[in-house]
Structures are given as structure tokens and as C-alpha cells.
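Each structure below appears as C-alpha cells.
Both complexes below contain chain A, partnered by chain B and then by chain C.
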Partner chain A sequence: MGAGHAHALYVHEHSPVHRLPPEVKVAAAFAFAAAVAVTPREQLWAFAVHAGTLAVTARVGRLRAGFVATRMLVVLPFIAFAFLIPFVASGDRVDVLGVAVSREGLWGAWNILVKALLGVTVSILLAATTPIPDILRGLERLRVPAPLTTIAMFMVRYLELVAAELGRTRTAMAARGYNPRWLWQSRPLATAAGAVFIRTYERGERVHAAMLSRGYRGAMPALGHPVARARDWRVGLVPAASAAVIATIALVAS
Partner chain B sequence: MHAPDGFLNAGTAVATGAASAGAIGVALRQAREQLLDKQVPLAGLAAAFIFAAQMFNFPVAGGTTGHLIGGALAAVLLGPAVGALVVTVVVVVQALAFADGGLTALGYNVLNMAVVPAFGGYAAFVLLRRVLPRSRTGVTVATGVAAGLSVVLSAMAFSVQWLFGATAPVPFDTVFVAMVGVHTLIGIGEGVISALTVGAVLAARPDLVYGARDLEVDAPRRRIGTRGFVVAGLVVTLLVAMGVSQLAVDEPDGLERVAIDQGFEESARDHALDRSMFADYATAGVRNESVSLAVAGAAGVAVTLLVGTGLALAIRGRGRDERDAHRAPERTHA
Partner chain C sequence: MTPALSLAGLRFSYPDGREALRGLDLIVAPGERVAVLGPNGAGKTTLALHCNGVLRARAGSVTVDGLVLEDDTLAEIRRRVALVFQDADDQLFMPTVREDVAFGPANLGLRDDDLQERVVHSLAAVGMSDAADRAPHHLSGGEKRRVALATVLAMHPDVLVLDEPTADLDPLGRRELAEILLGLPMAQLVITHDLPFALELCTRTVIIDGGRVAADGPTADILADETMLQAHRLELPFAFDPRTAARRHRQPG
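Showing the complex of A and B:
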């Protein structure tokens, strides 16, 4: 431990985007992603405008382009699949650099590529400007059932602890010369995972008892961010609203 | 399996979103008593465990590693309803806070990674428990086979969604064969690791395994012989074969459509240009469809045999380890 709480993607900054109430940002992210998803793939200009809107939002949120770009690599495996599509898809063939590929497949690949990249950028902007507990608070205010958000809060709270415990177990095993290369050598690893599960479960029992003794009645008290006002909604939904307008125009135009 | 935005069309995203929301609603209702009784913090910590286990690599072959998906494992440890909720939470937080998986793809991601593996895997687990001996070994073997199957089920679910919501004209059978083939391999690892993990929990705290609540804690342990493995293997082979042949009977309509829509007009030139396996599957018409489905079926049977064999290899020498575990039962420090 002692590594502090590393938030996977959060960037500590003070910007208008950071200050927005989390429920506005979560709703805006979903709305933007939905607008991108319904934009017809042939309307190239619309995707350029979407990308521009995201770039401006990132700029207002004081995020560096390099930061966003490197975090986008998470969709790489799916993009690899997208690159395969033109070769495996059926339909008319067109020559690209001397190789015959499916025209429909090219459009399909472009569709997945651009929507996946824009979508992951939306997620990165949300996660980079909102700490994870705030995201969960936002979900709660958007009427996601309380058991789900509470489970998520405990998960986030204890995730690093459990991960570090598994990591230390693994280090201890490596220090004793355990270096598995094949699936059938993984029994000690799985045994360690089982032991960590038991410890985690028992920790959960202790945490629950400790919370009960401090007056826990099944819901966490609301702290932190004030609830969104009408002005927050108006400001926060500007990018999503622009994306919705663009998507509508693109749908009508196609 | 964390599909990004735009992978399937909007209608499929909405339909799978509705299906997932419905399934989560059912799970919430089923879990209500268990959550009151067993407490939400415990479910949260279990979610942290599943999340952490996904980051934990295990060896696959020759130094390459894979990681656990955990839907069936969660279902066996916590019950299908709480298990589905826990994995749903993991998937949603991964999408929102880790940018892993698209926001508009949450409908099918939750369905394929949480709902199908937890409920489907648990169903397979219960069926297997019926035919396997009522012992810890029986639970362990059932967990392994069910976890392996749950990954294949999840791949099948994705293929069916592709049939309805494809955003590119890659025929169903190409996607089905590729997805099921790859996930067969992943499923072997998933099965072995899930089984061994549950086995380890059973050895120390059998009361924590939801799927083994009917076992007597102090029941004398019998070593399972070849018979158990053969019975389990046969049953699963039958299940898989039946499932695949069912698809083969149901699908020709859809496949014929694809073939008629896309396949015929470009036949001769294509074959001359590209002879790769994929191109073959994609451009071939009706003639090849039964072949590729047969390949899928064979892959399914191969899964079964390999999971069984892998389990047999991994569990070998199990009796000795369990005696050791018994001698030192206090492995639960804070």
C-alpha cells in the first residue's frame, strides 16, 4: 500500500468542466455518445464536427492532447478487428493500394473505427475530469438503483487494497522461485486467489460490523458536490446538444 | 470483450440495453433478501475481488498469459443474482471510470459479460451438479466446466447480436466461428482458474461458496476417479452439441439471406483474388454454411474435451494438497 489512491484516469485540475456537478457530466457523456452512435457513417463532416466539439471540451477541461491520445489506445484490439473487416466482408470489391477489399466492409470498418474512437474520447473526458466517487454519486442522482451504486462505491474503495494483496501474494510466490509458464502450473496462483477471496469476504464482514457500529442504516450520507442547478444543466449539456443537432442534420441529409 | 461504441447498430444497442436492464431488475429483486441479509458491503468487496482478479494474469502456454473474466466464478461464489449484479457493477465502472468499453455499448457489454455468464454459467453449474457426485470435487469440476461454457455462451450471445445488429457485412457464420473458436481457448483458462479458485475456497471456508450450500461441511471426502470426469465430459459434450445443432437448425434462414444478399454476385473474381480462410467463409454461399457450423460444433466438442483434460491435469495431486490445507486451516489473517 502506501501508493495512495491512484485514480485510473483522473487529472487533478481546476476547470469549468471539473466543477460541473457529476450528474450533468454523466448524462452529457451518455447523450454525446448516443448522438455519435446514430450519426450516419457517410456524413464525414459530422464526425469532424463531433471531434472538434470534443477537442474544445478537452481544452476547456485543461486536458493535454497527448494524455487523451495515449488513453485512447484501450480500444486498440477492437480497432484491429475493424481493420480485418474489409478483407472478410462480402459485397463489391474496390482496389486499395492494389488489394481488392469489400466496399461495404470499408464503410463498416470506418463506422466502427470513428465511433469507437469518439466514444472512448467521451469516456476519457468524463473520467479525467470527474473522480470515481463523484461519478457514482452522479449515477445515484440519475436514479440508478441504490444497491448498484453502493456496491460500486465499496468496490472502488477496496479495489486497490484487494489488487495490492493479490500483487503481494504474487511477489511472494515469485520470490520463492514460482515462475509458471503453462496453464497446468497455475494451481498455486488460483489457490492464492481463493485465499484472497476469503480474506476479502471476511474483511467485508468486519467493515460491515464497523459501519453498523457507527450508525450505518443502509445508505451513505450525501456529502460533497451540491446538486446540479438549472444553469449547470444548460452549460453542461452544450456539447451534447450540439452533437445532437449535428446528428439530426446528418440524419436528415443522408 | 469490452466492445466499444458503434460496434453494433443503434437498434441492437437499445434492445440489449432493455434486456440487460430487465435482467438486472430481476437480479435486484432476487438479491434483495440476500443483500439485506448478507449486506451490501460484502457484495462491494466481492466486486473489488472480481475486478482485481481480472487484472491478475495467469499463464496460458509458453509464457503468454491471460486473465479471468469471472462471471461464472462470481455466480458460483455469490449466487447468480448477486453475481450478475457484481459483474454488472464491474463492467459499468470500467466503462465510466476506466474508458474500457463504450457508453452506448453498455447494453450488450453488460448482457454478454455479466448477465449471460452469471445466469447461463450458473444454470450449467446446477445441471452439472445434478449428475456429479455431491462432494467438493463435484462442485469444483462443475464450476470449471460451467465457467468454460459461460465464456463460450457469451461468445455465442455476441454472434447472435451480430446477426441482428451487424454494422458491417461480415456473415454470421464467420463471426460465429471466429468468436466461438477464440473464446473456446479463453474458456479453457477461465474454467481451470475458476475451478481451482473455488476449490481453494471450499478447502478453507466451504460456507462461503453459494453453489455448495447443500454440502455438509464435514462430509468425508472421496477422491473422484476417472468415472466422474467421463460422465461430466459426456454430459457437457451432449449439451454443447445440442446447443450448436439447435443453432444450425434455426439459422439457415438468416444465413441464406446473407448469402443471397451479399454472396453471389462476386463469386468467381473473389476466389481468384483472396484464398484466405476468412475470405472463403465470407464469400462462400450456402454450400459452406453447414461446413462452418460443423467447425463450430467441433470446436464446441473440443472445448469440452480440453476443459476436462485440463482439469484432470490440474487437479492431479489434489488429495495431498487438501490434507496440507487441513493441517493449517488458519490462513485468514486480516
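Showing the complex of A and C:
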């Protein structure tokens, strides 16, 4: 699998991380993120080790540091408010560069910042080494209910088509002089969105007919992709296991 | 000889009350290629959806190689009759071409090597072996059409029903598709507005209008009957003469 699924986050490579079965990677990513989340914020060394583990994993996965770093920026808008906490939180004040800020607030901001960055890095590593259909298959193997993974699969498949349809509709509206500036001009947009929704619904019916025609009876068939062996689990869970150990030590130490 | 496909007295109305089929009869012999022509709204797509029981007629019967369509023969009928839908994006719903082609035979219970063999053979039959790991939405119109055909060939059908197979193809894509279809041995029902395509592929043509068969005969004769074509809102392309065209090209079948 590969070239065909060149979604923006995927990096086509042949690394040990890429080769791991998806269910291992999904479980490992989840476990790692959980370990990071429970690590006490005061144990700075623990976060350094977590970051080091991720750096090694990225290296084994042949991902460039710049690639990972630029994608980590997506988290910034979400944690922007974290920078405000030291200024608005109450409690002891400490001087940072001549500005008095809350000690508790500083820890709070650090906690959000480091955990969000480590968490988003985990998902970047997962997405960069696993095509989306494989991630879905991994979720399925981890016993996520089949209707959910099937819905997600169809969403991935048809999202581009629906987006293209919306784009064409907007072009058609613009071609007839529609150039909305104010809220009260948005009515045609809503109508167009409704029309696209109906067309998508009808497509759903046709896709269902196509599935029935090829013997679909309510369950997606197993297509014989390789399943994770015990060895894959042992290798794949190393980073997550190390994070769990670190988090435990940090919890005990604090 | 048992007909490959036999439709008798099919009647069907949509939930909104529109009567799409009004007593339609059609018999297709094994290996025969039949063009189905007719104006928009004549019931052509409805007819296609009846051939493998996606839609079930209010009255009449569908028989495939002697097997009557009923609730307990539905699965086998759907294996025997393959539908290629008008919009290939409706037909290709799996993340990769390989998985899409495997979907049908996997539903038939094939696994592992047998399954992979079906996939490999079907893609080779339409000349798309290289596309196995690509995503369907990254294929061109012609490629999508050929992969859509591969997805149903993988079920080893006895009857192929194609709904507007040339609708979104460029001339070369249309030519490649014609060559593939001419090389396939099973009975084919080709629903189309493309009259030269019908002439090239099918020795026999039926015109459907108002939900029943309005004409049935050799394609060359039907296309030469201008009055009849006009009566059913059909028209030959500019400067196309079916008599000379029929003489010039190899008559299949």
C-alpha cells in the first residue's frame, strides 16, 4: 500500500516502523499518549525521556526532524491560551524576565504545552508511517465496532468527491455573480449545501446497490491482510512500554 | 438452449408512484451481446437493477440460466449477473483497487491465495494490473471504468449488465473498453446512448420506451430505421451512416 494514499501526513518509506502491523501501532500510540498524560508535570526528566523515545522512534521510521517539527505547529492555536495561564492564575508570584507571573500558572502552562506537544508528535508518527486505510484496519482489529470503521472508511473514500462537488457548486454560483459579503446573503450557500447533502445521500443509496450486487450481506469481508504476530507486539510496544515505566517511576518519585 | 437471462412480464413502480417497468419481456442467449437503447426515463437503469435483484419487480420473473430469482436464490443470482454501474465512483468504494476487486469474491467466501488469484486475473483482463495498490479516486475516468469492470469479472459472472459504459470516456478509453468487452465470452446487456458503440459491440438491439420493449432486432436494421429512432428520441451522430459502418467493421458474434 502506499503511493495511492499519499495523504498529506503520510511519508512513503520502507522502515521497520512502516512495516509494523497497524493494530500494533495504533495500540502503541494510544498507550504512549496515556503514559504521557499521567506523568506528573514536575518530573521534568521524565518528559525529556519521553521526547527522546519519540525522537528515536522517528529516526527508526526514517522521518526527518523538520517534517515532524513543522507538523507539530498545528497544535499551536489550540494551546495558545495556555500561555495566558501564568498571567491570570492566582497564587505565589515569581519573576520571569522582570514580569511577575503565577508559579501555579507556569506549571499549568508547562503541563498543557508539553503533554500536547508529545501527544501530537505521537499522532504525527502514527500518521506518517501508516496509510489511513491501514489505521482503520488496525482499529478494526482492536475490536472497534465494524460499523464505525466502515463509516470512517467510506468517509475517507468519498470526502474528496463531496468536497469537489461543493467546489463545483460554489464555482457555478460565482459564475452567476454570487459573491456573498454579509450574513443575510448566505441563504443560497445553505441551499447549495443542502443540495450537495441530498446528492451525497443518493450516492450512498447507489453505492449500497453496488455493494449488494457484489454479494454484500451486512458485513465487510476479511481480505486477508497480515495479522500482527507476538513478535510484532513485542517490538512495536517498546516505546510505549518505556513510557509506561518512566511514567510509573515519575509517579512514585513525586 | 437455456437462455442466459430471461425477463418475463416485469412490472415495477417507484415509491413515488412512477411506473418504470410495464410488462417488460427480454430473452438473452448465452454469449449474446444485446444493446439496450431508449430515451432518458425509459426504464433502462431500472431494468439493470432488476437483472440481479437489487430491485424486485411487483410482477413478472427474472430467470438466469434456468435459476428463477427468489429470496433464497438471490445470492447465487447476484454472483451470476454482474452489474457495472453508470458512475464508477459508486462502484469503487474500497480504499484500494485491489481491495475493491477482492470485495465481491471475498463475499462469495474466497480467501487467501484463491482470492488473490481472482484479483490478479481480473485486473489483468482489463489491463489494470499496475493499478492494484492505487486509490480509486486517483484513477482517470477510463481507468475507473476498467477497474469497475474488473470488480465484477472477479465474481466470474455469466451475464454482464453495463449501464452507460461509455458515458464519461474519452475516445481512446471508449475504444479500449470496446476491445475488452468484445473479448469477453459471457452474455452482455449494454445499456447505452452511444449508438455507434452499440453497433460495434452488439449484433442485436432492443429499444425500451415507456417501461416495455418497443423494438427488437439486428442492430444494423434498427439504426437504419430513422423513423423509429426519432419516435424514441434517439439520433445517430452527425454524418454517421450505420449501413456503411456495419459493412466496414468486423461483425462480432
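Just so it is clear, the second predicted complex is superposed on the first by the 242 of 254 C-alpha atoms of A that agree within 3 Å, B and C clash if a C-alpha of one lies under 4 Å from a C-alpha of the other, contacts with A are read in each partner's own complex, and residues count from 1 in each chain.
Throughout what follows, contacts are C-beta pairs under 8 Å (C-beta built on N, C-alpha and C of every residue); 3 or more make two chains touch, one makes a residue touch a chain.
What you see is a predicted model, and the numbers here were worked out from it, not measured in a lab.
Visitor: After lining both complexes up on chain A, report clash or fit for chain B versus chain C.
Guide: fit
Visitor: For chain A, which side has the bigger count of touched residues, chain B or chain C?
Guide: Comparing touch counts on chain A for chain B and chain C gives B.
Visitor: Give one of first, second, both or neither to describe whether A:S213 is in contact with chain B, with chain C, with both, or with none.
Guide: second
Visitor: Looking at the overlay, what does A:P221 touch: chain B (first), chain C (second), both, or neither?
Guide: It touches chain C, and chain B stays clear.
Visitor: Can A:I112 be said to touch chain B (first), chain C (second), both, or neither?
Guide: Touch status of A:I112: first partner only.
Visitor: Going by the contact rule set out at the top, does A:R229 touch chain B (first), chain C (second), both, or neither?
Guide: neither
Visitor: Is A:R64 in contact with chain B, with chain C, with both, or with neither (first, second, both, neither)?
Guide: The answer is neither, since A:R64 touches no partner chain.
Visitor: Between chain B and chain C, what opening angle does the Cα centre of chain A see in the overlaid model, nearest 10 degrees?
Guide: 90
Visitor: If we overlay the two complexes on their shared chain A, which of chain B and chain C does A:R19 touch? Say first, second, both or neither.
Guide: Neither partner.
Visitor: First (chain B), second (chain C), both or neither: which does A:E104 touch?
Guide: Touch status of A:E104: first partner only.
Visitor: If you've got the overlay open, could you tell me the nearest Cα approach between chain B and chain C in whole angstrom?
Guide: Superposed model gives a least chain B-chain C C-alpha distance of 7 Å.
Visitor: Across the two complexes, what residues of chain A are contacted by chain B and by chain C?
Guide: 132, 136, 153-154, 156-158, 161, 203, 206-207, 211
Visitor: Can you list the chain B residues touching chain A in their complex?
Guide: On the chain B side, the touching residues are 3-7, 10, 13, 24, 28, 31-32, 35, 39-49, 51-53, 55-56, 58-63, 77, 85-86, 88-90, 92-93, 95-100, 102-105, 166-171, 174, 188-189, 192-193, 195-201, 203-205, 208, 258, 262-263, 266, 269-270, 273-274, 276, 278-279, 281-283, 310, 313-314, 321, 331-334.
Visitor: Which chain A residues qualify as touching chain B in the complex?
Guide: 7-9, 26, 29-30, 33-34, 36-38, 71, 74-75, 78, 84-85, 87-93, 100, 102, 104-105, 107-109, 111-112, 114-116, 118-120, 122-124, 126-127, 132, 135-136, 139, 145, 147-148, 150-159, 161-163, 165-166, 170, 180-187, 189-208, 211, 218
Visitor: Which chain C residues qualify as touching chain A in the complex?
Guide: Going by the criterion above, the answer is residues 49, 52, 54, 75, 78-79, 82-83, 85, 87, 89-91, 93-97, 99, 102-104, 106-108, 111-112, 115-116, 133-138, 151-152, 155.
Visitor: If you look only at chain A, which of its residues touch chain C in the complex?
Guide: Touch list, chain A to chain C: 1-5, 131-133, 136, 153-154, 156-158, 160-161, 203, 206-207, 209-217, 221-224.
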